[in-house]
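Mind having a look at this structure? Questions to follow.
Letters are used for the chains, namely A, B, C and D, taken in the order the chains are written, and counting of residues starts over at 1 for each.
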Amino acid sequence: MNPITKLINLQTLASGDILQLKTYHFKGKTGTKKVYIQSNLHGGEIVGNAVIYELIKFFSQLNEDTLHGEIFLVPMCNPTAVNQRNLFFSTGRFSPYDGLNWNRIFWDYSHEKVNINKFVKDNLNLTKEEIQQNFLNQILIKFNNKLKSINQNRGISFSEHYRNILHSLSLDANYIIDLHSSSVKAIDYIYCFDSRQKNADYFLFDYGILMNKYDGNAFDEAFLNPWLILEKKFIQQGRNITFDVESWTLELGSGMTVNQASVNKGIKGIINYLSAKKMLNLDVIIPQKTTQFVNKNNLKHYYAPQGGIIRHRLSEGTKVTYEDVLYQLLSFPKNGDLPIIMEIKSVDEGIIYDVSINDTVNQGEYILGIFPHV
Amino acid sequence: MNPITKLINLQTLASGDILQLKTYHFKGKTGTKKVYIQSNLHGGEIVGNAVIYELIKFFSQLNEDTLHGEIFLVPMCNPTAVNQRNLFFSTGRFSPYDGLNWNRIFWDYSHEKVNINKFVKDNLNLTKEEIQQNFLNQILIKFNNKLKSINQNRGISFSEHYRNILHSLSLDANYIIDLHSSSVKAIDYIYCFDSRQKNADYFLFDYGILMNKYDGNAFDEAFLNPWLILEKKFIQQGRNITFDVESWTLELGSGMTVNQASVNKGIKGIINYLSAKKMLNLDVIIPQKTTQFVNKNNLKHYYAPQGGIIRHRLSEGTKVTYEDVLYQLLSFPKNGDLPIIMEIKSVDEGIIYDVSINDTVNQGEYILGIFPHV
Amino acid sequence: MNPITKLINLQTLASGDILQLKTYHFKGKTGTKKVYIQSNLHGGEIVGNAVIYELIKFFSQLNEDTLHGEIFLVPMCNPTAVNQRNLFFSTGRFSPYDGLNWNRIFWDYSHEKVNINKFVKDNLNLTKEEIQQNFLNQILIKFNNKLKSINQNRGISFSEHYRNILHSLSLDANYIIDLHSSSVKAIDYIYCFDSRQKNADYFLFDYGILMNKYDGNAFDEAFLNPWLILEKKFIQQGRNITFDVESWTLELGSGMTVNQASVNKGIKGIINYLSAKKMLNLDVIIPQKTTQFVNKNNLKHYYAPQGGIIRHRLSEGTKVTYEDVLYQLLSFPKNGDLPIIMEIKSVDEGIIYDVSINDTVNQGEYILGIFPHV
Amino acid sequence: MNPITKLINLQTLASGDILQLKTYHFKGKTGTKKVYIQSNLHGGEIVGNAVIYELIKFFSQLNEDTLHGEIFLVPMCNPTAVNQRNLFFSTGRFSPYDGLNWNRIFWDYSHEKVNINKFVKDNLNLTKEEIQQNFLNQILIKFNNKLKSINQNRGISFSEHYRNILHSLSLDANYIIDLHSSSVKAIDYIYCFDSRQKNADYFLFDYGILMNKYDGNAFDEAFLNPWLILEKKFIQQGRNITFDVESWTLELGSGMTVNQASVNKGIKGIINYLSAKKMLNLDVIIPQKTTQFVNKNNLKHYYAPQGGIIRHRLSEGTKVTYEDVLYQLLSFPKNGDLPIIMEIKSVDEGIIYDVSINDTVNQGEYILGIFPHV
C-alpha cells in the first residue's frame, strides 16, 4: 500500500521561493477513524522525522486490509522553524516574526463564544457516535467560518495562517500524535490528558506528564480541550461518555539529535497504540507496567543561582534523593575573591527528566528538571 | 532637591559581571502618594530614557515643598534587554532565556487563590482610604510570602527573578507609568484601562488604546487588575469606589530612535498628570480635547499576503479611508512570470498608528496597524 | 523584447524545500558584450530589487535592435540572506552557517597559483581583444577545473557553493554591477577601482569610494582584480592596455527600506552607463560634474566612546566642519552620579555618508562615517 | 603563594553597566620569563575556565621558590561573548557588532610598515637575548604609538578596543597559551607553528595541527608571526636563532560542555610544559610518543550535499578508512518521491576530529572533519 502524497503551499518568502508541507496519506479498505501524526513543530526537535520515516516504510509494507481507517503523516511539519539557524544551532522554537512559541498558537474551539450547554441539551439522547459527529460538525463549521471571515486585504499573521493549515489537516481526526523531543536533553516521556491515562499505557512509555492544568493553546490541548469540556458537561447531565477522540504528545529524547532508542520507542509505541485502537490488524502488546504520571504542576525545575560554569551535573535519567549534589557551579567573581565552586543539592527526590544543553549559565538560566516521587 | 540613587544587583552573568538597576528617588516634605516611572522594558524602546533624564533634571530643580509624596524613576529598567544585539539591531523584545515577551511576565495578585469576596465583606463599611490600605497590605503580604517560599537550591528563572525586583519597587505605588515606544515605527499614544479614561486626558495625548480585554500579565495590567476586580466586587455590593490607583503605558513614537517631539510629549504629559494628581504644586493644563480611544480588540492589523518588497507604504499618522492604497508589494515569483507589483487597499478608515520597520517581508509578516474610526 | 527567465536550484533546505535563483536574460540582435547585474547580496539591502524591476520593465519595452550584447539580471540574488529574520530585522549580512560576510566569500583567479608573467610574455604581441579573450579563457578553465575537483562525498560549504553559482553566471561578463545599499542609513555613492574612475562618471553619482586597497574577496574585487593585475604586468612590459572589463558596486541609500530617489538614481545611472558603453542605442547624458572620490583607507569612522543613548545625531548627507557637534551621548552611570550628556565633536570636515540605525549603543558600536574633504 | 588579582574595565554597556576582565598574577622570587594563559575567547568554548581554575589552585599551593618568572591567567577573557545567548545556545563566536570572528581580530606587528631587514642588520652581532629584548621593545613601541594615536572623538570599534586590551596584557610574554575548544564536538588537539614542533610534545597531546599557512590574525598567530619572520630573516643572514617565544592554542574537546578528561589533559600539559621551560621547579614528564601533526591545509571537511536529518554519524575520535559510511542523510523531498536515506562514504582515511552539534542540516552545512593519514 503506497501513501498518497500531497504538497501544500505554506509560505511565500521574500525571495519568491515557497515553503511547502508534504502529507503522506494511507487509507485502509475499511474503517472510518483517522489518526494524524506530525513531527518537528519546534525547529530543533527532529527525532519524530525518523519515526515517521520508519512508519511510512512500515505502513507501505502493509496491505489495505490490515489498515482500518486512515493515517495522515506530516513530517517536517514546520519548515520555517526547521530551516532556521543561528550559527549551527537550531533556534526555531519561537516564531521569528512575533516571538510566539510555535506550540502555543493553536485554536481552541471552546474559546469561541459557543453555547455548549445548549449542544448538550440538544444531543442528550443521541448515541455517542451521533453526538461525536454532531460536535465535530460544529467545530468544523466554526473553523470554516473563521477561514471565510479572513479579509484578503488585511491578510493574517503567519502564526495564524500556519495554525489554520495544520488544523485543516487534523481537526477531524480521532487521534492526534504530535512528535516532539526536548529542546535540550531529556529522557522519553508522554503528555497525557486527564481521563485518557489508560490508553497512554499502549505507548509503552515509563513516564508521563499529566496535563492537569491548561497550559495555553498547545497543539494537543487545543485539539482535545473542547471534547474534554463536552464530556464534563455531559457528566453534569448525568451521562458519562468518553468520546473516541484522543491527543498525545510524545517526547522522544533530546533536541538536535536522533537517538535510535528514542526512535524505536516512538515507532513501537505508535504501532501498538494503533493496534490497540484496532486501526491496525496486529497483535497488541499488553503493557507489563503502567506509565507513571507526574502532574504538570508538580514538576520541579532548577535554575542557576548566579552566573558561571556548570560542572559534574547529573544526567537525564538519574534517580536522585534529598541532598544529592545535582551539580557544581564554578564562578569567577569580579571582586577580590578567588574563583569558587558551589555545590547545589537536591531538595527533591525522583528522576532527572531533562537537563540543559549548555554548561555556561547566566543567573536564572535553566539547569535541570525533576519528576518527583517516581 | 537631589534624588537619592540606589543600585540593585539584578543578574550575575556567566562572566562574573553583574548587571544592576539604578533607581532615582525624589521625596517631598509632605504627601504619601507614590508614583513609579520606568523606561526601556523592551530593549529597543529607548525614548523613555530621554524622558526620565529630563524629568530628573526637572525634579532636581524643584524644592521639597513643591513635591507631595515621592517619585521613583527607573530608566534603563531592563539591562539584559537593553544591551542585547543581533548585528546592530536591538532585539531585546523577548527574553533570550525562555523566549517570553518581557512585558508578559508579571505577577497579578488576582491570579492567586484569594478570596476577594471575603475581603469585600470584611471591609464593606470602612473608608475608601482604609480599604485601599488593607487591600494593598494583602497584596504585599502575598507577594512577600511568594518571595519567602523560593527554594534557594532550586532557584528561580531569570524572568521570575526580574519581575520580582520590579514588583518590589512598584507594588505599593499609587500610579505606575511605564514608558514604552513601538518596537517598529509609530505615532504617540497611551494605553488606558476602563474606568480611568478621564485621567488619561491629563497626559495630553491625541489617541489611546482602551484595554477592554485582559491581554496577559503586562506590567500595567498586572498592577491594576486586582484593583479593578476589587472595584467591581464593591459595585456588586452596592458601593461605588474608585481607588486612587492608576496604571499607564505611554507609547512614545518609534523603536531604536529618540524623536524629540515624542520626548517632549512624554515630559509634558507626565508633569501635567502629576500636577493634576496634586503631587506637583504646579498649574494644571486643562486638556482642550479629550483623548480619542480605540478598544484594543478593535485595532486593525495588516499582514503581507505573500513575500516581497514593500513600496510606497503610507506612513504612521496618515489618515486613510476605504480603498486608499496602503502599500504596494513587489514580488519576483519563482516560476515563468515576470515580477509584479500588487496594490493593497484599505478596508478600514482611520489613522495608521504603526508601520513595520523593514520593507522586505515574508508571507504573514506585519505591515501596519490602523486605529479605526478616529 | 521579453527576457528569457531561468530557475537555478541554489539550496535544498533541511525541510526538503529548495531555494532558487531566477535570472532574467535580454539578448540583443547584435553585439557580444555582457553586463551582469545583481541585487540583494546582503539580506537587508533591498533597494536594488526595485531598480532591477524597473530595468526589466524598461528593457522589455526596447526592441532587439536597440540592445547590443546581452544583459543578465539577478534580483534577490541571495534568498538565504533575504529571507532571514531576527525579530522583524533583516539580519542576513553574514552567513548563518560560517559567519562569513556574504560579500567576502568570492573567488579571485589571481589568488590561484597562476603564472601571469608567462601569460603576458605569451600574449605580448596580440591585440587587446585577443588578449582579453585568452585571459578570460584561462580564468574559465581554472574555474571549471575547480568545480570538477569538488569531491561529491565531501561536498562543499554553502558559502563556496553559493559563490560558485554566482561566478558561473558572471565570470564571462564585461561589466558587473552589484546593487547594494548601506546596511544602516546612508547617502548614495559608488565603489570604483583605480584606473576606471572616468567611466564611473556615467553613473551620475556625486560621491564615490576609490578601492585603493584590496579589502578581501568582495564580489566586485574578486571579479576585477585579476584584470587589474594583468594590466599592471603589461605596463611593466611597456604596453598600456585597459581591458573592456569593469566592476561596480552601487550603494543606493539605506537598508531595509526603498527610497524612491535612490531607485531613480540607480536606474538612470545604469541606463546611462550602458548607453555610454554602446550596449544601449540611447542618448548618453554627459555628466555635468565628475564623481568626487574618497580613498577607501581615508574614510573616517566614529564609534561610541561608552554605552548610552544617542541624541541629536547629524544625519547622513550633512556637511560638517571641525568642532561641529556630531551627536550627544546620554548615559546613566552605575555609580552615584546623575545621568549625563556628553557632546562628541567632529575632528574631520566633509560629508557624513552613513549613520547607524540604532540610537542605543554599547561601547565601541558604530555611530557614523565621514567622507573627508569633499 | 596567592595571586594578585586585578580588574580591568572592558566595555561600558548601553545600560551603564560595565563588563570587566579579571587577571590572576603569580610571580616567582626569581626568573624573568612570563607565560600568559587565557580562556573562553569564543563564547561557547568554556573548558579552559575549568583548567585555569585548577591551575590557580595548583599555583596557589606552590611557594614562591618553585616558580621562576611570572604567570598571568585570564579566565572568561571575553565577557561580551561569554554572556551572549540565542535561546539557551552560546552563540558568541562572532562579534555581534561587526560580525568578526573573535579570533581573527588581532594585531600583527609584521603587518605594520616596519623595516625588519634593517633591524636584522643592526642586531646581527648581538646575543640572542639582546636581540629578543630589542625586537620586543620595537613591538611595544609600535603598539603604544598605535594606542596614543587613537583619536578620542572618533573612538575605536569594540573589536579593536578589545584586542588592544588583550595585547597590552600579553605582548611582552614569552609563551602564550590560548585555551579553546571546538565550538562543536571534537577530540583534544593542539595548534603548533612551524619550528616549534618539538616543544609541542611537552603538552602530551596525541594530535596537533601545524599552522603551515597564515590563517588571519588569530591570537596565537598575531603574537608569534613577527618572531617567525624575524627568525627567517636571520637565517637569510646566516644566523640560525630560535627565540624563546612560543604560542600555543589548545583545543580541549567540545563546546558548551566541560569534559573532565579534556580538563585533566589541559592541566597536565600546561604544568609539564612550564616545567620543561623551567618556569616550574617540577619533574618533567618525558613524552612517550611525539604529537602527530597534520598540516592545516590538509584537513578534510565534509558538508551536507543537501538538506535533511543526519543519522548514524560516526563520532569524533573514530578511525576511518576509505568507503566507511560516515553518516546517513534522511531527506523528505518536496516532490512525489517517498523519503529517502542516502549513505555518505569516506574518501579519506584517518581520524574524525570534529563533528557538528546539530543533526539537522541545510545544504552546505558542516558535518565532520578528518585528520588524514594519522
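What we mean here is this: a residue touches a chain if its C-beta (ideal position, glycine included) is under 8 Å from a C-beta of that chain, and two chains touch if they have at least 3 such contacts.
Worth saying up front: this structure is predicted, and the values here are computed from it rather than measured.
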item	value
Pair exhibiting more inter-chain C-beta contacts, B-D or C-D	C-D
Distance between chain centroids, defined by C-alpha means - chain C, chain D (Å)	34
Euclidean distance of C-alpha centroids - chain B vs chain C, Å	43
Distance from chain D to chain B - Cα centre to Cα centre, in angstrom	47
Of all residues in chain C, the ones touching two or more other chains	13-18, 20, 22, 76, 82-83, 85-88, 93-94, 97, 99, 307, 309, 332, 334, 360, 362, 365-366
Chain contact graph, described as a line, ring, star, complete graph or other shape	complete
Residues on chain B engaged by chain C in the complex (per definition of touch)	3, 5, 7, 20, 22, 43-44, 46, 49-50, 53, 56, 60, 75-76, 82-83, 85-91, 93-94, 183-184, 256-258, 260, 307, 309-312, 330, 332, 334-336, 338-339, 341, 356-360, 362, 365-366
Partner chain B, residues of chain D touching it in the complex	13-20, 22, 76, 79, 82-83, 85-88, 96-97, 99
Of chain C, residues touching chain D in the complex	11-18, 93-94, 97-99, 101, 151-162, 300-309, 331-334, 344-347, 360-367
